[in-house]
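To keep things simple, chains are lettered A, B, C, D, E and F as they appear, and every chain counts its residues starting from 1.
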């Protein structure tokens, strides 16, 4: 076996493991930001979501996303990754039906596994926003729809050789493909579900503090850690310059966003809110996800600083809009997913790590790249939001998506699972 | 003086605090409690084995008041806590012969408020 | 017999235990409680939304004593808990007609200590 | 009416609940408490420094009953809680002049059960 | 240095680190499923167990397992990994006393470290089953016995060139060597200790809920993550096709088992119990451990589905049998370790990732492979169960293995360690 | 690209990710050992510390540390890693201003990122020792001073081609550069801050138990895991023999220290204190950090055993000296950082993994190596302690470093952040 295939496969698998590990991060962040009485439910959702994604992406998602097909969806080798394929052959040598991803010289199952962990992430993002009121079964079904249809279709457009790819749109590691998709689907869910009981009573916005900020902090650390798989791994090849560059842009954006979010919340709220610091970190990471391999370290600093400010303002804005998002998923993944996608069009420097993106607006590339990025932002927004809204609406009509008032008051842990997260502890929630 | 003990639903605490404020009762002590009353419990399970939970979460208020505040305090609690459903809770009233403010050493009706 | 209920600052518990020991009061029960009194609360916030916290952490003592121990118990609690600042707490004294030791079935003043 | 307060060992709670049921006492409120009684505490340590723990975990029951239920309640508690060992607990009995059911506004002996 | 040695060493070490990390997962799962009053004790056990295994395996375990010797045990280079060895030389070029493991071309210490983390896992499995009542000192001594004798002897049979290896028995990553060994030793411990006070009073089975299901969930995620070291690492070489294949079979079995365990517990118990979902995941992972490199992705799906059902039934069965296993270690590691071992005999496809296993029963290989697998199941059962039972019996006679009733009621944290896990929190356990 | 560059870059980045992950470990250990009322504050400190270090080290730290310059500090390419550099060229071929680190053939950003995560660790160590009383803003500013001045200056001496390097002093992975620096800075902080209220009342030493020993244990596991990046990664090259050797010495020292700390605390305190077991593990890891690549596995065992004893005695000693260190950072990082540095002078065996250190005292090398090590210990002690003390003193004078008595009693979470870590839980601290 050629050495390059070996090292590339190692890199792809190891970074995929790190991305897989982000499931733990999401579970911890989301449950930490919610109340103790819903903790089992959130843990269950975040645990089962990767299982459901794994099966859904295996059955159909992969095929729709990477199978040769039209500008819109894949059509060949749809089911069970069953198409012809002679990976790790690349370029001309490749003979098979998954040609859009034949640029990376690793075995088929390595490609599949790496793409699967990304699909799982998109599905997980929804979980946090709809927390503390959604029916377990409705969430599971929605996850299958995400992993089998919504995610792969957009994925095909951008990474599967579809129309956005052809248009010259660039999304290195998925600000759009993973985070915006998750964000728009979450927004649809938040709208369809309505706010938690007591959140906006009598016209007041009420704080509903998370039950475990230790857990939320650890979770954010895990996500930050996992992002070193997410972004540098998206090279899908152990290219030394690129992966080192991406590691540093990723970390710099996170660090800058942490600082700016902390400072802004200090100034606006009087004290440095830990929740905002954590969301700041994630905002920086989401924002740098699309441009991480296309921009300089200096630009990543600027992108991070802006992302940190954006997320604080977004959290406060969504509350004003009465969109109840217990964990800030919209502010992190949606707002900054969009922002990051646009940043490519602004800050990109051609071939900075090898990819011929052309320059962004700030580097003299004019509006060409920016235009493609905006086309992606808008088309993904429309498609995902509509598809998700329709899915939620059907689920609502058929099986219901929200638990009963009584169940919500007592907690979903008892209602949905018959379990308690912290037996023996005196936990009292007075709302 | 009387010592009023009230058991209410946890999610009614805020409402009761508000009605008490309106009744000019500003001081109280709150404890968490588990209650076994008319209200039915619920079923939990853990790893395949069922658990019958019949101690439900309640909030216990303790409010010491002078005689002339007793009725308004009771009314306020009922106003805030009542939903008409089983589980609304109970109020118990005890005689309170003496009350002392630690900070000043004051005793009796003076000390209560 | 009397049942003495005292609310004190949590960090004063150790001092009060010591002064009670010196007063030869060895038995007591301690519960955690949240108190709303003269002491001002504080401001928390969470993800950009403010929270007014006016239930402060207190410790609740329950001590059953014979009549001849009442005053020394009160004095001891005050000695241990007093700082002179708002929030020092309150003592409530109730009549206690009966007391039973479960282990022996003894009743009354015998059972209390 | 009487208000019965009982301190028992935590692991005896289930037994006491059962004996109370048999005595047809179905309503009660349960709180956790720390007790300092005849029972010796234990020694903990933390990073090389000793800690003397003499507040032991207890469960506190509060049961309001009509006069005719007082003795059977006491007997039931003793039956369920007694092991004959130090630490079994105490029962305190207070007069309860008034009791109100929040849901209906009923007062007195009616409201208690 | 030859490139292959470099990449293989990297792969072996990195996956070994992941397996090491599973210690955290076990600690979290086991303490999460136990009561708060025993949390310090479980954490201590799970922490010290890897230290004890490290020393025991260094002193003697490695030598017994991999030293050249008889069909039964290694005899050369017994102590302190001290035998002659010219790793990373392989095959003919290898000159040394650890020839059974000379097929992998990595330095001796890399081989040792990889095998050590597996040994540590086997020892850790026991911890959960005997939790909440075992004396700390007894557990530590048992761990040394496991790491120095019981584990290496069976290890020699299967992986050290002993009689089972010669018979053509295959256990890719240790369904038998790690999980069944741990499971049988745990079963012996459970029997010798008896159930926890209050668990089976008056003929009723009582639920004793775990104190922290967040912790248990995070722990399971960590184990799932670590398993990507456990299984793909067991190639002990960065073989692209094999490691990618194994990553996917491993994940697919886990996902399938999560789903089937959740559904079965939903049907049987009325609600989707989180504990069962978590145990389902682990069951799928244990079951696929032996066959992961020998079966297709499709088979891994089937194996996972069955494992998830098995584990739910097993948890309920062990409770009926009055075998008190607070964390489900028997249902996960023993039952599914055996099941996974047998699966090789059923689902194996010759050379699917290179190893010449021959086909399993379902692929026309007849009973040959299945026979060897069953021989392993039975012989390991007998040897480990008897050896462990004897060890526990001796410990019971000499120093006692169970804490006093009073200590058990108050909690082992105070009794064994004089510590409290959650100082300041109001934790009350009424049993 | 040359294969060696590829595999070395992969190794450097992956191990750097593991070291990054140690931030989670520190956060968990430190908050677990503190009270619930200060948990948000500690989590915030530990979270923001890496962000601050990332920015500070990027702006200036890297340049001061690795820029070509004098025996004292770097002078070229100071800001924003902006100097000329043609990495991954090595040796003669290297043309640039960061020649002290040109021995490793990886891209510049890979070098930077690896060194950054080390810098972050040094800064984090301070956090634990000053916990539960320090002002948030004071800590953040101190972190910038650490990352931009104190750490890089000493770093230059040892790893940046400065006078200690020239003298023949060896510190493989940073017992001195990372741990002692952190330790001395922490000591200065502890002295300037004074003990927590109630810790040494009326001449008695009072135990202030940590609120979450589960968290502390998980954190220690994570640190142990991360150390497999810290030490083996410090080769900055995928040298199979070296990295395998270092993995085993690292683990053996940890295991031995766990055992000796547990036994010593069992003997001295009557029971095996979990806190001591955990600190023992870290002590062993810190002590082996400098010598891990220079000593045999046998020596690592001895070093670990001693470290475990040292840490228990040190914890008790610092308490006697009324130096209030809530998490044992001084005992772990300072005492054992010094001890580990000295161990190189005692146990080193020339070229055991390739580096020409010369032999240590116990291997017939006389006092030469030991002398250089002692020179480092003393000079670093003086420089860091004085610099840190001065920094703390200025901060104290200008903005104050300690929160008010009232705030300390109620908890820093409310005072500094307006947050609560465990909303809904009944948490009472009576001191």
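One rule holds for everything that comes next: a contact is a pair of C-beta atoms (placed from the backbone, for glycine too) under 8 Å apart; a residue touches a chain by one contact, two chains touch by 3 or more.
None of these values were measured; they are calculated from a predicted model.
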Any chains in contact with both chain A and chain B? C, E
Of D-E and B-E, whichever chain pair has more C-beta contact pairs: B-E
Between chain B and chain C, what is the gap in Å from one C-alpha centre to the other? 18
Counting in whole Å, what is the centre-to-centre distance of chain A and chain E, each centre being its mean C-alpha position? 33
Rounded to the nearest Å, the gap between Cα centres of chain C and chain F is 46
On a C-alpha centroid basis, what's the spacing between chain C and chain E, in Å? 52
Which positions in chain F are in touch with at least two other chains? 3, 7, 10, 14, 209-210, 212, 269-271, 273, 275, 418-420, 422-423, 425-426, 428-429
Residues of chain D that touch two or more other chains sit at 31-32, 44-46, 94-95
Check the chains against each other and report every pair that touches. A-B, A-C, A-E, A-F, B-C, B-D, B-E, C-D, C-F, D-E, D-F, E-F
Can you list the residues on chain F that touch chain D in the complex? 205-210, 265, 268-271, 273, 275-276, 279, 312, 315-316, 319, 328
Quick one: in the complex, what on chain A touches chain B? 198, 409-410, 414, 418-420, 423, 426, 428-431
Within their complex, chain D touches chain B through residues 3, 17, 26-31, 62, 64, 94-103, 105, 111
Interface residues, chain C side, partner chain F - complex: 10-11, 13-14, 32, 42-46, 57, 59
Parts of chain F lying in touch with chain A, wherever the complex brings them together: 1, 3, 5-7, 9-10, 13-14, 16-17, 20-21, 23-24, 27-28, 31, 39-40, 43-44, 46-48, 50-52, 54-55, 58, 80-81, 88, 106-110, 112-113, 116, 136, 212, 215, 416-426
